[in-house]
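Paired with subunit B in one complex and with subunit C in the other, subunit A is shared by the two complexes that follow.
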Partner chain A sequence: MKYRVIIRKYKTEWREPKYVSYEVEADPDTSVLDVVEKISLEKDRTLAFEHACHHGACGACGMIINGVERLACITKIGEVARNGMVVLEPLRGFKVISDLAVDKSRMFKQYALVKPGTHEKVVVTVEVEKLLDCLECGICYSACPIANTFEGYVGPSVIAMAYKSSSNGKVPAIIDSRRGVWACHGSFECSARCPVDFKPGETIMKIRKELLFGKLQVV
Partner chain B sequence: MNIGYVLRSWFKLRGRSLEQVSFAARRLTGMIMALYFLAHVIDISTVVLGKDVYNAFLGVFTSPPAILVDLFLWAALVIHGVLGLYSLIVEMGIMVEKRKTLLAISWVTIVLLFLMGTWVMMNVF
Partner chain C sequence: MTKHVVVIGGGVTGAAIAYDLAQRGARVTLLERGSIGSGTSGRTHGLLHSGCRYVADVDVARECYLENVTLRKIAPFLFEKNGGLFVAIDESDLKYKDFFLKKCEEAGIPVKELDRNEALRLEPNLNPELKAAVLVPDGTFDPLKVMLSFLASAKLHGADIRPFNEVVGFRIESGAIKAVRVLDKTSEREYELEADYVVNATGAWANKVASLAGLSVPVKPSPGVMVALNARIGHRVFNRLNKPGDGDIVIHQRGTSVIGTTSWIVEDPDKVTIPREHVELMLKRGTELAPIVAKLKVKATFVSSRPLVGAVQASTGREVSRSFAIIDHAREGIENFASIIGGKFTTARLMAEKMADFVAERIGINQPCRTADTPLAPYWSYFT
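Then we have the complex of A and B:
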């Protein structure tokens, strides 16, 4: 089947992004990522995008597909195309590096703010095995209306990770702050769009409840 | 960050959940009521220009077309108030797993309260 794929392209030297249309022949079961790779190989060698595992485990290929945040590798083009058309845009809430590739350092920097550092704990602590459920794809940041507009917000996934990696009923002080759980306005788009059902929104509300009722303390 | 980007983030509805739609509705009605409050402060301030000016200005708000504005404001108030209560409960971590049911009840309540208010405005005033 023939699809019309429209990609938002932007290079740092450009003043404005532009939408470029490509005609692609693909099976409806083909993943959007495979279609993007086909475009990159056959039609536009300048197209920039991120990918790695191709099976929904690394979180690299998060993008906005027809208005909704998804992982391109596990999204079939036939399921998301509208009248044979698919619009691809980079994730919101992050600086665009080039085309569909964004700079997620805004999210990764927050790991350093959360004590104890969750990255270190993933390596050494068995209880943090659950943290691997989070792909760190950044989709929750893109979908959240607050993370989109409040640069200082720690962010849905990092808050949830900080809570799940905490021990002795204590969380880092930043979680109990305007930059932490109290920035959330309960739109739950983070949970709705999360490709692995990590439920950051529900976890944020759970943290609030425990803080309000004295079951959780800050360090 | 420009205002257009902020508004597109807050009011993005395409492909979004009922929770996001309700968040957007709550925020929009909050903004409408804040603007109304500002307009109200301005309109009552006309009293400093004299009794006649104030009464003439007030006449605008009691004219028949003004009922549409009143209905609009009532809708905004009801949406903001009821969704505010929903938000108060869920954002304290209570009934988080049942929030979709709670949200459905909230929207039904909004419709009922709006209809009740409309009936009162049409028949009493």
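Then we have the complex of A and C:
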């Protein structure tokens, strides 16, 4: 199949971004990420985009595909193309480094405030540990109307991580503040767009309820 | 004046080398043509090797196990430390068992044979026909986060990490690299970076990068296909109790399980596609280990090229380990340039230790390696 892939490109000294179109030949089963990588290797050497695991396990390749936040590695081009066209843009709510690559500092710098753990305990037949399902991809920040307008917001994924990795019924005080769960307007865009169904929106509502009923303490 | 080392390659090897050298006091700049981990390292299945897959070579297995222990100690937050199971499905597997147990003992890897019921109690999705099971200290990880932790640690020691900066050439004068020519993809500008020493840690791309300096590196890019399922089917790594082969491992991390892998040799790691029959083979072999695989959907298929070491001649380099090699390009007339190839994601810290020993000696830094005893910085601090 022939596809037209249109990518929003931006380089540091440009006054404004521009949309560049590439014709590519790809099987409809090919991931959008593999198509982007092929473009970077064969047609546009300076195309900047982030990727690592290529199987939905690391969160690097979040981008906006035909208007919707998705992980490019687990999105098949044939399923998202409209009339053979796919428009790719960087995530919203982050500073663009170049092209599709964004600087995720505004999300990761919140970690120092809440110091979330990375594991949760799971009991199958015996207890095992697993990494939290959150891929830290930044898609929930991009989809969230609050994160897009309020720089100080701790953000959906980090709030949910802090809660899920807390063990003693306590969360950091910033969670119970205007920068934490009380900033949320309940649009649930985070949960709607989350590629791994981590449900940050539902977790934020649960934290609010537990705070109000005195079931959750702050430290 | 502090010596400036340029490390080329932002995979796990380059990240660990940048960290080690920066910790010893060198001024380090790391260059990566794409984003961090966008080559082979990011596209691993994420197995923290116990070494048991390599028991045919006891030294390699021991090396792997010791690094596994070190990584768990310096960064427990990065790994799912649930172990793995080697299971025998057929008679040929069963015949391998005694050899396997003997070699694990020789390598000093703590393993434990489980009876069938116990194995199935721990991992209900394993093939109920299994004939034997051995519990081993495997683990799993998110490769990107491991690399970011090494780089966050490197940054704490002043290293300058530059993704989207591709090496396009070298300025060589009187038998030494004076500067590296770099294309910054974020601005589409080229610039020169002066260097006292240059390390080529580009793995499967090592020969392509070395060729920019008119040199060659005996790396054999060896792709392997992996298949990620849209569900997680276990917690301990599933291995086939036999010699390493195609589709004999299922690795679980976060919400997914990955079946790996195949192996062939290519010339150019930038021109690798996934043979459809490899995907079918992974699913068939994965189903033998865990019948539930047949009922699941494929979430993603991916391929990446291991940097296998080809024939290293005594005249072109020195082997520091049977599993990886450092090529000293001084022997070919460029005195301040070395390449490192081979190895495993699990042994990256050790590779970096040997590479940094080698570089430190040449640039006059008299500091021992401390990476095995220093906790790694959390990956999120890379961004702050």
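Keep this in mind: the second predicted complex is superposed on the first by the 202 of 219 C-alpha atoms of A that agree within 3 Å, B and C clash if a C-alpha of one lies under 4 Å from a C-alpha of the other, contacts with A are read in each partner's own complex, and residues count from 1 in each chain.
Keep this in mind: a residue touches a chain if its C-beta (ideal position, glycine included) is under 8 Å from a C-beta of that chain, and two chains touch if they have at least 3 such contacts.
The structure displayed is predicted, hence computed values, not measured ones.
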item: Touching partner for A:E189 - first (subunit B), second (subunit C), both, neither; value: first
item: Per-residue contact with subunit A, leading partner among subunit C and subunit B; value: C
item: First (subunit B), second (subunit C), both or neither touched by A:E13; value: second
item: Which superposed partner A:E202 touches (first subunit B, second subunit C, both, neither); value: first
item: Which of subunit B and subunit C A:R179 touches, first, second, both or neither; value: neither
item: Subunit B versus subunit C as contact partner of A:K164, first or second or both or neither; value: neither
item: Touching residues on subunit A, where the partner in the complex is subunit C; value: 11-13, 31, 40-41, 45-60, 73-74, 97-98, 101, 103-105, 107-109, 111-112, 117-119, 122, 124-126, 128-133, 135-136, 196
item: Complex interface listing, subunit B residues touching subunit A; value: 1, 5-6, 9-10, 12, 14-17, 19-20, 23-24, 27, 87, 90-94, 96-97, 99
item: Residue ranges of subunit A in contact with subunit B within the complex; value: 66-68, 92-93, 145, 148-149, 151, 184-189, 192, 202, 205-210, 212
item: Interface residues, subunit C side, partner subunit A - complex; value: 34-38, 41-43, 46, 77-78, 80-82, 121-122, 124, 141-145, 147, 163-164, 166, 183, 185-188, 226, 228, 235-236, 253-256, 258, 270, 299-302, 304, 378, 380-384
